[in-house]
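As written, the chain order gives the labels A, B, C and D, with residue 1 at the start of each chain.
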Amino acid sequence: MDLTWSADEQAFRAEARAWLETNVPPAGLASGDTREGFARHLEWERALFDARWAVVSWPQAYGGRDASLWEWLIFEEEYSRAGAPQRVTQNGIFLLAPTLFEFGTPGQRDRFLPTMASGEETWCQGWSEPDAGSDLAAISSRAVRDELAGGWRLSGQKTWTTRGAFCTHLFGLYRTDSDAERHRGLTYFLVPLDTPGVTVRGFGRLDGDEGFADVFCDDVFVPDDLVLGEVDQGWKVAMATTGSERGLTLRSPGRFLATTSRLVELARERGAADPLVRQRIAQGQIDAEAYQLQTLATVTKLSAGEHPGAESSLTKVFWSELDVQLHETALGLAGHDAELEDSPWMKGWQFALSGPIYAGTNEIQRNVIAERVLGLPRK
Amino acid sequence: MRFAFTENQLAFRDAVHDLLAKECPPSVVRDAWTNETGRSSTAWTELAKMGVLGALVPEAQGGLGLSEIDVVLLAEETGRVALPEPFVEHMLVGAPLLATEAAASGITTVTAGDPLVPYADTADTIVRLGHESFVADRDDSTLEAHRSVDHSRRLFSVETSGSPRALDAAEVSTAYWRGTLGFSAQLVGLGHHLLATTVEYVVARRQFGVPIGSFQAIKHKLADVRIALEFAAPLVYRAAYSLTVSDPAARTHVAMAKAASADAATLAARHALQCHGAMGYSFEYDLHLWIKRVWALAAAWGDATWHRELVARAILDT
Amino acid sequence: MDLTWSADEQAFRAEARAWLETNVPPAGLASGDTREGFARHLEWERALFDARWAVVSWPQAYGGRDASLWEWLIFEEEYSRAGAPQRVTQNGIFLLAPTLFEFGTPGQRDRFLPTMASGEETWCQGWSEPDAGSDLAAISSRAVRDELAGGWRLSGQKTWTTRGAFCTHLFGLYRTDSDAERHRGLTYFLVPLDTPGVTVRGFGRLDGDEGFADVFCDDVFVPDDLVLGEVDQGWKVAMATTGSERGLTLRSPGRFLATTSRLVELARERGAADPLVRQRIAQGQIDAEAYQLQTLATVTKLSAGEHPGAESSLTKVFWSELDVQLHETALGLAGHDAELEDSPWMKGWQFALSGPIYAGTNEIQRNVIAERVLGLPRK
Amino acid sequence: MRFAFTENQLAFRDAVHDLLAKECPPSVVRDAWTNETGRSSTAWTELAKMGVLGALVPEAQGGLGLSEIDVVLLAEETGRVALPEPFVEHMLVGAPLLATEAAASGITTVTAGDPLVPYADTADTIVRLGHESFVADRDDSTLEAHRSVDHSRRLFSVETSGSPRALDAAEVSTAYWRGTLGFSAQLVGLGHHLLATTVEYVVARRQFGVPIGSFQAIKHKLADVRIALEFAAPLVYRAAYSLTVSDPAARTHVAMAKAASADAATLAARHALQCHGAMGYSFEYDLHLWIKRVWALAAAWGDATWHRELVARAILDT
């Protein structure tokens, strides 16, 4: 065991910190879940990209730094620590990109990764449908073969699509074999949202910001080279992405360490004398550090070539409930101010409440833990 | 010994229930989020016509001369429909405090502890309970708007330039405990609505080929909510009774009621949201209107922790 | 609403309190889950009976006082308040007796109720079997018709039978129709444990006391007049008893009010300054009073002729978890003393842990609440 | 950066695991409940032969000269089998504190804060950490037996008539944090055993025609236990590392480890009992041997609340 950083890693951290200290907008940006705020965030993403901080773990050819997993972790920690803006490009960079690296053709990678990294093209995830939420395999949107045109014609409704109203592209699952049941016969498509036949309707999330969208496809033509992975193998391809979503990439420990620091600061401002509050804050700190350490253990394994398994479900339940706890504690400190909408904690609280719901509800995750990690019977 | 409401009390409750079903459907609550006042259009005037708003005002002053135990179920009903009105502030606190004919028909709003006053812009009279307690005319006051997470609850900081009437300790105490009782009852009503609407959803919503309400994870969450409400409600009713008969322990009983009802409603809100999944997380769906009211009222007039400490004082320090 | 007691009720309370103050053994008795302690408890039961406090709600003819539900409640409150011994006769008096009153023949009532009230005969409940715990309807013990002798021959194993090793009689369910499935074809039998073919083996509960027993029947003859209710209708008959078990009778609010009082006393001794502890104790007091008030509401309804329904499941979950909480708080106050076996709180804690398990686990109760109170679908 | 044990550390862990599997099956734990000493018959001597008991004693004094990070997994293994021995007291605290050849082979027991000392009757040396910290010979001491809920943990109050050696603050501190680390590791091991044995039970136990492990209520409880252990263990390992490298925050790291491991093991015990139903509630079944060890160790050397307050001091008051 060695919990120290190498000289190179320390240098990497110093470089990231220095750049972030200079460049992070001190007053923050308007919510990225609004059209206006989204545009501001894209400017920030562009600045990140220009300084080669947008996709540190990617190859240099696509705008990255070939950073190791450790460096990536360091960067994410510094990013959160600096209070830098939410990444509105995260669904592309953290969910689609790993899948493109694993399943994409060279042509697809060259076509999509650079514009994704720069924020010129922005991606939303087309998984959920009105009748396929927790039960993702119930997807009924379909793609019909158009042999003549060399592609597929997509129809159906995707919903609860995060920032779908502002993105240029969607990656989604559509049913290509209508006879196949459940997770068989799905195909993974890359869909430019300006294709004729696509209608996007934004709608509000819990806090009222237009962070959700319906994406309707009505006979939308998508050529063969926008199929990611093999036809009818979309589930397998998508699950690789889902693994990233639940695991390391989306919820860096740095985020919860940063939230805990802000909570500690808030408590100090208010006197920090109440043993009840002290217990809750200490628990937050313990959990945030536990999450960090468990991530270090995971990265050690990944660096040794091991693959992440169903354990990512443990992580997802843990960070999402930690996030809720941290914000609940902060609102408890705020007393009657807690109900004020302007407080960053109220905004964060509402966002935290999405954690146990999205990317597979925590109920589903607990089933996965019980069945795949502990080996309990499905039925 | 009889722990039940009278036929008259239940009939009054039913009448208010029916009135609110008509005058305050979810569309009215949603409308109050964006209209000018944050309030319902007709529910308030209909409640006034029925005499509800002056229920605690003595008959001599044009009220109904009723007591807390007669109106606690009415407050619960207003919670159930998330009535966007200063109902507790006026009916349980302001009107009986002023106890004038004008009070029964005008609008009084109140704050306790919190510098922000709900619905101050449309009130005639503003009551502040806390460090300096007074009654002031709205016309003598300068207001500045603040935004609650519950957009129908219009909040204002208030600067009074007139010479407000000071309140004595007994007036403040009566007002404070009545208001706290009222919010407790509303929280129970809010919790019941959240539970009912979630039950409806999980029975209808199918995933994996079955209603999601058939999963134990959902069942047990909603069972826990049902249990919490089952045991919070009698504490609220007992508190109303104790205020009515001036039981020496009445304040502790109200503190117990607020702690239990805030916790039960908060649990109801949390599980309702989780059981609704992304649907409940959508602004267009009505669920969040109730959830945010719970957040606001659970924190208002002392949160559960604060009231539990009052209970601790009563049982440990005396 | 009227939360005052009538003059008669106050007089009843005063009489009970005076008698208890004089007669309750000040040092308590050894555990009723040991052979020695059980015998001491029976002496106490006899004293209760002689003073007509053993079965206050029963008719005078059987040793009771014809007490109203309110008076019964008052008595239970005073009994707990006085710290009087656990009722080792409770399974007979509170579980079997209501069933005897409802389904028994006059002969059965006259034969069994007086000796039950006096403690001369003591009853244990023969429900659970090794493969029929939560799933009570899976009972496989059987009773075969012996037409010639005018009765039945019982075989099979009952287990986790509370105080079975010390009791004289067992009431239990046996399968009389072997073709009928699940809860059909069961019959409710009254079995003297000295009948040839009965073997009883006591074994320890969590705290090591011999409070459990296996009761083996090997071709045990039971005459027809020891069948309670109709043949093959045992499930219906037993469910009436289960209703009592979960509901009003077994867990009087007085018990939790008394525990809370002891907890408050303990906290006062230790200074009562820690806000954390104060919160937990206040919550205990709130819950204990909530349980009392909810019981008052229930008794008001029962007194008006209404029948208790599945709501008893709400009560069972609530008091069992309250009991666990109260003891957990007390042990937390004890610090390192918490692990000492002699402390009454450690004994009580172990007993409290049985609450969420017996009389239908809390998981089963939550299913019942969801399905029968809220109307959620079974499957 | 590397958050993993070395091959050597894992091999040592495996060797101890195999030894304990042979020398400390559940029958040995059960026997310790009623035998004369409360201890295993041969496990202790076999551990001594392997050098484990002197692992932290410098090589010059006949030990292995290892550090906390090398032995934390061994403590976890002793927890997993509920080894009825003063393992943490001797191996992590007493032996390196005395650091003599006799210490590595003799038996030392320790208490911290608590006036009662486990296994004092069979120890050669008794160490007390707390108000007055000292090392005393058992032969100079008068013992009085007390009963832990875990009958294998023989407890004694100790009166020393000799002239015990006083300990300085640095010795006390090192001893206290090492011991606390050891109990944290044992709690993780206990928790893992409770989870594994419960998984086995709920897969085999059928009710309603299916394994009870197929019910969500069971699945989610055990998933929660798995999560708690998943995130407690790295805190324990980090604490061992921090003690080894004398990290300035090492004490806070141990406090975090004890709080998290006590909570995780307590949750494991609670859910294990509930999932086992009446079977687990039976004294004849082995489950309670582990559960009661958890109760004892979760409270020993500072419970979770106490250690969380230490963490709060470190982050809020400095």
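Quick note on the criterion: a residue touches a chain if its C-beta (ideal position, glycine included) is under 8 Å from a C-beta of that chain, and two chains touch if they have at least 3 such contacts.
Just so it is clear, the model here is predicted, and its values are computed rather than measured.
Considering the contact criterion stated above, the chains in touch with subunit A and with subunit B alike are C, D. More inter-chain C-beta contacts link the pair A-D than the other of C-D and A-D. Averaged C-alpha coordinates give centres for subunit B and subunit C that are 40 Å from one another. Per-chain Cα centroids separate subunit B from subunit D by 51 Å. Listed for subunit B are residues 215-218, 220, 305, each touching two or more other chains.
Shared contact sites, meaning residues of subunit A that touch two or more other chains, fall at 275-276, 279, 363, 366.
Shown here, the protein chains touch in all possible pairs. Residue ranges of subunit A in contact with subunit C, taken from their complex: 274-276, 279.
On the subunit C side of its complex with subunit B, the touching residues are 1-6, 9, 70, 264, 267-268, 272, 275, 278-279, 281-283, 285-287, 289-291, 293-294, 296-297, 299-301, 304, 311, 314, 317-318, 363, 365-367, 369-371, 373-379. Taken in their complex, subunit B has these residues touching subunit D: 215-217, 220. Listing the residues of subunit B that touch subunit A in their complex gives 113-114, 116, 146-151, 153, 155, 206-208, 212, 215, 217-218, 273-274, 277-279, 281-284, 288, 295-296, 299-300, 303, 305.
Within the complex, the subunit C residues that touch subunit D are 128, 131-135, 138, 159-160, 203-208, 212, 276, 331-332, 335-336, 338-342, 346, 350, 353-354, 356-358, 361-363, 366.
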